[in-house]
């Protein structure tokens, strides 16, 4: 028996399904914090019609989902405290300025992707350093070479200066995994033009300029978000700065790099390239990078870990509990007036 | 101009070559600490004949290499302070008891293998968790699946209880890389029957029994050396304890595990198996493990990193400098009366 | 020569002086980012009159200082983007709701106090554990006892379960210093009723309830801010839960504890109490806690480190640079609609 | 009922008492591993006469204590495997060369002192940085100053380059506690002339020469053991290199420093000196250092923590268990042929 005084949450998670983002006990907990509309017993559960949405908003405290929220709808929802995106990115279907003027939080569950991307990022780097996929494939074909004979190109990550391009949630998660590989006299280098140096230093890395990072590091992780301003900022000239035979791991968006130039580097053996992101997805079946010998290729799988999607539910419950108690949310990422627009151009992540 | 009073070192590194284990500046430094015999200008440089060996030993303070050293030879070498194995393991070709009674250090350069094995060990685990080689191969064949569609089996290492079997140099190096993956409320578990619990705890892990480790961990790293006593200690019964779909990374010696039982687990999908070591090397070309879908296979490449061999020279120079100064060596591994015999059975590492 | 297009900053830092919070090069940098009014050459530099303030606000983008900002003044400042408090706390002299509706950031430089408070907190705990001040005083009086004779009550912090009450900036800074003292099988415990457990775990601590923390920890650090709701939440009953002879270090506000009960514990020897904060300051000269043998007493000195005040200038420059570039501030603490009022009751910190 | 086949341990712990170094359960465990002679029921328990000692040695596998062991006695003990010093240091009352030729381990329980000395070392440094004892004393006298008024000389340890002189067990324990205070771009500096640079780097510090350390660090911890060779190596000239107002914490032996020069520095305010060790103990009651305003004085209390003495029993039991199993000891410190003589001159620690 739920008290009738529970705040109401419009539930509109599509294209996600609640069972993919909530563990059963967390879904129970959610229902102890809010009254879901449409609820589990309703015919339109998880997929309210526009008419239903308009009917629910006037009494809603929360929106859970990527519902279009133009000013007209926002105006019809006087009790609204938070819109919680369960897809991952801030989309251009909300009147953010109006939300901020009303102190309506716009939240995204994207922090759940930091750990899975960081883990596969390190896995790709170690795969490049030791040619793990190539050696596995050779073994399966009965063509393996034992010991040093098959490992002349093996390098130790610990021996390579490491650099991270971009230092958001993902860069920070990656840094923690990389710290044991960086000796104390040569900490991980970080480039992020949006961040004061002090903050990078406090996190245990060393802030450097982009050119310095590219020319001095030999294991480079690209986790910078793409914006209108930085598209293609890693062009042919920048890639040329990177020392020969370095590891280059691309994790955020293909749009930050000149992909043709990168492909050339991968094919002529001057860089060992791993990438999880692609200029178009699905990607050209005949593209030459598919044949690059030392490369490691991954089809936008970095964030795609089922257990991480379930962390979305954890974070939603945590923040609703806080907001119900009159406190600010802290588990989801908060849209901010200055940046929410810059990120709008990101394509929908297919996870 | 070298002073004629430099101590003499018999140089007999075969099957290693000095240029693989010494950077040029380190080789210079070595020559400032000892007089090498045969020296760089001698016809038998790096490959002294038995007659030459017998002629050099009476004046030698050091032996650098895997020279047979029975008691007769040791008795002919009254100034001998250290025998420095550059191959990796303590072999049964030395009268160790006699050495220890004479305070002759028997040293091995094997600690250089700890970091490369730890790095590939983590790389193999992440490859298993995210099926990196399989995804790479699919991409090369134009059969990749994007996002969650191709990642239903993806797991986060951070979500899995981690266990290490064996806690020597290698286990310790591995632990440092794994710490960022283990949340504070669930530290890495370690099983090592030779070690007091306190020492495992002081290293930042939790000591557990073998059965507990196998039944509670979901990412298991086997780095235990094989001895007469522990051969095959991970048999079918032990493997059965491991939770289904766990990661199992075998890095030390195939002899510690029932390889047929492990193969069965890899084939029926109950374990994700990565192995770098094999019952025989080269391994049976028709062995069914070569077809195990979720496995990752590596041909004894874990220690085979060229830069690590060069660390051998670093450690040799460091310890000779200490011994010359009347101090005990600390960079190489010291043979000990109690254990040197237990390890004798280890096959020669093919790096 | 400054371009006339620099945004204008009303400078009203009193009671702070710019030279205490800005290094000379940082003050230069500030002047390259904003036009200060009144400026260094003006008679009212650092102390504008109300009339001047009213004259500057209509063109001001920033306010640097604790200026009273009721709605009337805010309405007169259409370009205002941020109010930057250089004193430390959010005061009730601003119409926060109006600021948030206008997307005006209200910032405080209080994060600079986290490190100095954490350092003295650990210093006080070690002083309690080893009775450093008492031993120093005895030595000065020629009454020292050597070795174990004078150390029967000495305890190792490493042997004691550690707990932190409150987990804001300060609790986090303290946790990092305490981690090396907490063995892996017994991480630091944290109680913070405002935070989801997951966030405490991700920081490397273990979330526990207050009663559990008090009854199971033997070195307790209190860094919880005082609010209307939690005043005196550490009463006699709570203090009774703490195991005898534990260390109790009070760093945030005396108001969170029943000070009479704490004094009793300090005097009867059942707790070793260190406190930096007092119910009134200056404190009663005749108060019995001044005679507590095992206590360590500190006169609100925890945040008072000259170099830390200079970090205020660093943070201000960093955030103004970001806001000038159209980005959100990240170095100062941002006032939030939900909490800024809760903290208003905090007395002004006398640093 | 103990089996009669337990190895025999001569028990001669004086001046220690078993109850100070063994927890009851550990003492039980010890008795399950060896047969103590004299045993708990014997009249001479813990204090065998020379005649008894001579009678027990022929059947003893272990000696627990600081028994004189000249060659004559060693020859009478053909089964002897280890002599376990429970006092702390290697004394010159053993024929070490004879022991090493016989593979008899000579063990010391001194590693138990690493943590207590490291903790008080950090406590003394923080006490110097924040003048904790002085402020406590002022408060007790009703002469406290609040906030910044009383803290003009306060410094943050985090702001100071940190150096450690000597890198044995103690230096390593101290380094772990100091790491959170050293930002990533300025790791802790270590000087140890006995150690290869690589080992210091692998521990997470930066190796530097003594002059560099003294002239560049502002928080200096001296934990170097005194030997015949290094007595007084920190003379007036060396102390002059240290930047004014630095923290200087002396923890190992007064003999490594020119104590008069150090006193002068403490008195004229050019260094903030904390010392736990003294040229003679008890120390001159009229010595001027007792009046040094900014100093912190401690009467050889660094290792004197009751719980740490109990760790001696833990380590003894651990090593006896290993030796009984035919394995080398690892919990106690092993005397080594090259160094055991160098340390003989250390005075007996009064704990």
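Per-chain residue numbering starts at 1, and chain names A, B, C and D are given in the order in which the chains are listed.
The working rule: a residue touches a chain if its C-beta (ideal position, glycine included) is under 8 Å from a C-beta of that chain, and two chains touch if they have at least 3 such contacts.
It should be emphasised that the depicted structure is a prediction, and the values quoted were computed from it without experimental measurement.
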Chain pair showing more contacts of the two, A-D and C-D: C-D
Maximum centroid distance from chain B, chain identifier (CA atoms): C
Averaged-CA centre spacing for the pair chain D and chain B, given as whole angstrom: 33
Between chain C and chain D, centroid-to-centroid distance (C-alpha), Å: 37
Centroid spacing, where centroids are CA-atom means, of chain A and chain D in whole angstrom: 50
Where chain B touches two or more other chains at once, by residue number: none
Chain A-touching residues of chain C, taken from the complex the two chains share: 100-103, 194-196, 198-199, 314-315, 318, 321-322, 326-328, 330-331, 336-339
Complex contacts: residues of chain A adjacent to chain B: 115-116, 119-120, 122-124, 126-127, 129-130, 132-133, 135-140, 142, 144-148, 150-152, 154-159, 176-177, 179-181, 281-283, 285, 290-291, 296-301, 303-309, 349-351
Residue ranges of chain D touching chain A (in the complex, touch as defined): 183-185, 187, 201-202, 204-206
